Amino acid sequence: MIVLLKSNLDEASPEFQQTFSFLSQLPGIEVRLHQVRGAEQVLSEIYLIGSTKRLSTDEIATLPGVERVVRVSEEYRILGRHRDDRRAVGFEYNGVTFSQDTLNVFAGLCAVDSRESVEAMMTALEENGQPCTRMGAYKPRSNPYSFQGHGKTCLSYVFELAGRHGIRVIAMEITHESHLDEIRTALQETGWPTGVLIQIGTRNIQNFELLKAVGRQNDFPVLLKRGFGITLNESLNAAEYLASEGNSRVVFCLRGMKTHLGDPHRNFVDFSHVPVVKRLTRMPVGIDPSHSVGSRDRAPDGILDIMHVTSQGVAAGANLVLVDFHPDPQKALVDGPQALKREELPWFLEDVRLARECYERRHRLARSFQDTAPTPGGLTGV
Amino acid sequence: MIVLLKSNLDEASPEFQQTFSFLSQLPGIEVRLHQVRGAEQVLSEIYLIGSTKRLSTDEIATLPGVERVVRVSEEYRILGRHRDDRRAVGFEYNGVTFSQDTLNVFAGLCAVDSRESVEAMMTALEENGQPCTRMGAYKPRSNPYSFQGHGKTCLSYVFELAGRHGIRVIAMEITHESHLDEIRTALQETGWPTGVLIQIGTRNIQNFELLKAVGRQNDFPVLLKRGFGITLNESLNAAEYLASEGNSRVVFCLRGMKTHLGDPHRNFVDFSHVPVVKRLTRMPVGIDPSHSVGSRDRAPDGILDIMHVTSQGVAAGANLVLVDFHPDPQKALVDGPQALKREELPWFLEDVRLARECYERRHRLARSFQDTAPTPGGLTGV
Amino acid sequence: MIVLLKSNLDEASPEFQQTFSFLSQLPGIEVRLHQVRGAEQVLSEIYLIGSTKRLSTDEIATLPGVERVVRVSEEYRILGRHRDDRRAVGFEYNGVTFSQDTLNVFAGLCAVDSRESVEAMMTALEENGQPCTRMGAYKPRSNPYSFQGHGKTCLSYVFELAGRHGIRVIAMEITHESHLDEIRTALQETGWPTGVLIQIGTRNIQNFELLKAVGRQNDFPVLLKRGFGITLNESLNAAEYLASEGNSRVVFCLRGMKTHLGDPHRNFVDFSHVPVVKRLTRMPVGIDPSHSVGSRDRAPDGILDIMHVTSQGVAAGANLVLVDFHPDPQKALVDGPQALKREELPWFLEDVRLARECYERRHRLARSFQDTAPTPGGLTGV
Amino acid sequence: MIVLLKSNLDEASPEFQQTFSFLSQLPGIEVRLHQVRGAEQVLSEIYLIGSTKRLSTDEIATLPGVERVVRVSEEYRILGRHRDDRRAVGFEYNGVTFSQDTLNVFAGLCAVDSRESVEAMMTALEENGQPCTRMGAYKPRSNPYSFQGHGKTCLSYVFELAGRHGIRVIAMEITHESHLDEIRTALQETGWPTGVLIQIGTRNIQNFELLKAVGRQNDFPVLLKRGFGITLNESLNAAEYLASEGNSRVVFCLRGMKTHLGDPHRNFVDFSHVPVVKRLTRMPVGIDPSHSVGSRDRAPDGILDIMHVTSQGVAAGANLVLVDFHPDPQKALVDGPQALKREELPWFLEDVRLARECYERRHRLARSFQDTAPTPGGLTGV
């Protein structure tokens, strides 16, 4: 059960104190305070966890400072969509908005290999008006003897170059909670020239200790990659770990599933789940076409599979695209064969734009058939 | 190895006789004659099967009546794309063209339940200018005690109504070779008012005897549904069974794969393989969004998942859409929950049109980036 | 609902007539007569299909000639286990008993390649006291250009040699209903020197027309291979197709599932389902270690994986082992790499014997812990 | 490449210094020293990682102090089996031997819920002469709101009771590197009354930072559960992370794979891979029947599926069995439905004994067929 408090209610106020105290004394109920900082106001929500079935929402709604009470289903309490759920969807970070209505492209390097590559990539992004990028410093590799990324040694120049080229948000994977400090430190030392969207990879989707550590901080929002070998339900529960610890600024990213049924693609592309995740949760939904496809194969129409599946995700409403580029794919230390080339960036961006335009037209079309569409705010099939 | 003969070469001609006789005497080589009837001419191809590695294409090219010799890889000899392969892609049937460049929508009934339903559906199709439909008479069901379709008893009125409403091609599944005769007989008795695209379902993908029987006839082209539990390679080999027996007018249809990783969809939507099948073979590629998704769930944007995944397939170049409608889904005997409603047909068709337009723009865009695209007729990444 | 009639009740008797007539007039109920011929008597069962919930078992039990009435659950009506189900398990064919308590080994040739191979194999079987074998005449192959088996041309010598070497039952796959006639004809022409256990392969598990055709005859019992890409539930429903048409003498055979998770084995060995199938149905359960493992790899203990997984199936109670041998695996036309060698037959049989002895000891042990085991005839966990 | 040094060679000796110095100066080669402490001696191995193809094993073998040089394949360098590999298999810990020839049963609590349960369980184990157990203190749960285990608060009484009841090794899962310290501290405070086998769960199989942390310590050996959604190859590479950091005392544990193809079992039982892991690596191989099966269902023979699959693993040579018991399964906080009951322990142990006896007989049988078995120490099929 979620108790939404009136906006900007001070924790020291008697209303807050009285309500929080009352709720804390309910037997068999754990109470967690969760604060969402928006652009202009702070929203406080109190989560009641445990045997809430016998609680009366009407009674709790009469407590001082309470705006509204939402009874949530068992799953995805914080990030999920629930009946009569009018909580906000999405967030803003360092000037970039992430929601179920927006689209941001994060083109960049799968793994940072040299300052030259970073500079070349960021120059290309600036030339193409792109404020976001991906840059991998910590790389989890299946084989212990493979290149594991440059780690913290590359952070300073990555952040400096980002600032110089107008990059506002960098998606960067971490594999250990200590990397949070390393990133924070490097940002401080370089004067916070950019923002970081902390990425948690598919192999760590059920590394609950890492999820909890990232969930406990609020400096950075999170991009969580779906687990490639578990059910969607289990991956969404993993996202909920982040939120249950306090950080609900989470983008959920599809990246292909591990099964031979997807051959010859590296993974079975799962972008048909874009509308599903938007229906089940309030998270913006990203797609990673590079790791899904894993090659530069192209159809007889001359279009790369990576671009085809990107357009599939975007045409169905995806909100973020994470894609590997490299100034010289032959020399990339990780996943070179699947990287797009720097000179393909304008094509890729224009291709994405066409797919997004298609989605927007389809959305307008759906609204024009209002009688068959659900009433605003309501949801069917949940 | 494929020996393409000059067009309209008569089998009784001395050139043909001499060449065929020579090839038939090659040791360890099986010879199969394959004829492709186009709109204006008949193309004859001779397939050489066996240890062809030691044969010389140059030598065979000098035989009388030979136009060209293509050395094919082991897999998908007839339906596949091969190096320097300039054979035709696609075919025309009863006034409708099927190729890797066209798009045809087959909206209709998963299972014929009554004459009234068929009439209602076909009226709707005619009102919306649709010349194709799907109508299921023979239904393979997992449980032996479930409704198995009306079978041949419904064929006459289905075909008559089709003729009356301007339907030119009906996709219809068969589960036994005797159904071919039943369909042929019913068409004859009703004066061939329409055409039939014989559909082979996913459960019969490796029913090789059925594939061979359907491959041996040339009255009807074939729509082959991908196997939901085998690899793409194995499904494409199954298509080759049709062609190896003489019928290469085959549309290959994606319909979702059977794995829990696709939950909550009924199957794991596999439309990311549209460009893959077009790259590996010369078959037109269809999609079946209804059986893939299996529900009427919709995203918060009001658009049904079935429509979202359709747009994904079409935006990447799909050539055929097979989709379940029903005048009254509540009363459908098979798969009612996933059927679209009759009144949603205009919306669905317009949604498809927007996605197709997106594909065409994307295709033009790719051509405008010619230097990075492959040269016409060539293929990379195969 | 199943109405079991008194044994040896004549169809022409007034009791039978009266009861059958009464049941046939029940509204919304389909009636099917099913006869099970045992060694000494004929049992007649009447299946009531449809909305049987409102029928009273007590009332029907009072009809003349009725022995007992069993209300069955929706699934696996005939072959399944149901509450208070005391119907017989297993059957006898040509002197060999197949039940959930027996064990028969079917060692033989995956594909008949020559008379010499058949003779060599059968000689080895006779020397080792084996009355059963497997012999493949019709081979379904993924690739249309692969060897498809010698078909009916080899049947006569296979059956003659079987008779000469004391083989009582040959497991033989068919892929088309016409093969039933070919086998019946060849047996007649050679004087029925042996029996045939008709095998339906994994690729035809949902070829319902073939299942129905095989179910309509009672000359031969059936070995049904589990589908390698569908759920166990779906495969058991396929077995029910055989029974619903009249043939309930079915052995259900596990043969490994198709998923990369089983690598490096050719298929994911599924013999852990031996107790599951015995719990859900009354069918004897077979295992096919050769196709499951697909190689001759062996562990550091010197034992082949094929033998290890065989012992796993048998130690848990498997009732039939289908295993590929070949006098000269290098020369086998199909699946040579996985065939055991003729000289390994005594070792294999002794290894199976040790595993079977282990199962029997384990079974006795379970009975000695009676208080925790279920009461005889009862089942838990269904 | 692995350079095995003479036993008990002192690191300060001139032989060691000279050899290590030479190897360290090889260009493009990373050098890692790895020490294996056996009962009576210390073995030192130097791992050469990088482009070792151009190195000469003969040349390196002539360096002072070198016993032998083994060129290893790319994968599983330390834990794998390689040609001419005569390195030791297995290890001894706190009086218990773990190798590919031994068998140890770890019956115990999936999750510690109370001191009473722990005491009841350990009393039962002592009565049945068992020196090992499993005790879960840190539980990774898919849902963040589920019970997560008592953590460090229960360690003291678990260890004390273990010491009092003669338990020598407790398998205990950790989910964070800090748990190592908590366990070490609790052992110190209680006077090291028992040993701990650190368990890493299937969800952390690619949590490489945790693997590295556990690999860096040598106080505790490790039980690594196979990843339930990745290939066997990837899971074995994860084990190699432990070894590459210095800890090669690793037991690899099969626990069922996550796919609907294993239904109705909770996971698809994968114990057919017991011989595979023994062939590919030198690790002892464990099985976890409880999490694989996930229920107390039993076959008509009265034997629980959990016991059937256990016997399958053991009959094929498994070296460790991890199994859930509970004094009162109804009250278990985690996975109660799959727990065996305390009174079933003697039955379970006797059932395991019968299966082990079967394996030993099968092993003797294989040796008696020596001519077909591989020569001692050699391996085929790798």
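Note that the chains are named A, B, C and D in the order they appear, and that numbering of residues resets to 1 at the start of each chain.
Everything that follows uses one rule, which is that contacts are C-beta pairs under 8 Å (C-beta built on N, C-alpha and C of every residue); 3 or more make two chains touch, one makes a residue touch a chain.
Here the structure is a predicted model, which means the values were calculated and not measured.
Participant: Pick out whichever of the two, C-D or B-C, is joined by more C-beta pairs in contact.
Facilitator: By number of C-beta pairs in contact, C-D is the larger.
Participant: With residue numbers as the basis of comparison, which of the pairs B-D, A-C or B-C duplicates the interface of A-D in over half of its contact pairs?
Facilitator: Repeat interface, by the over-half criterion: B-C.
Participant: Calculate how many whole Å lie between the centre of chain A and the centre of chain C, each centre taken as the average of the chain's C-alpha atoms.
Facilitator: 52
Participant: Centre to centre, by mean C-alpha position, how many angstrom separate chain C and chain D?
Facilitator: Going by mean C-alpha positions, chain C sits 39 Å from chain D.
Participant: Using Cα averages as centroids, what's the distance between chain B and chain C in whole Å?
Facilitator: 36
Participant: Going by the touch rule set out above, which residues of chain D reach two or more other chains?
Facilitator: 229, 259-260
Participant: Hey, which residues of chain C end up touching chain D in the complex?
Facilitator: Result: residues 81, 100, 229, 231-233, 257, 259-265, 268-276, 278-279, 292-293, 295-303, 305, 307-309, 311-313, 315-317, 341, 343-344, 347, 350-351, 354-355, 357-358, 361-363, 365-367, 369, 372-374, 379-382 of chain C touch chain D.
Participant: Contact residues on chain A for chain C in the complex?
Facilitator: These residues of chain A touch chain C: 259-260.
Participant: In the complex of these two chains, what residues of chain D are touching chain A?
Facilitator: These residues of chain D touch chain A: 49, 74-75, 77, 140-145, 175-176, 203-204, 206-210, 227-230, 234, 237-238, 240-241, 244, 258.
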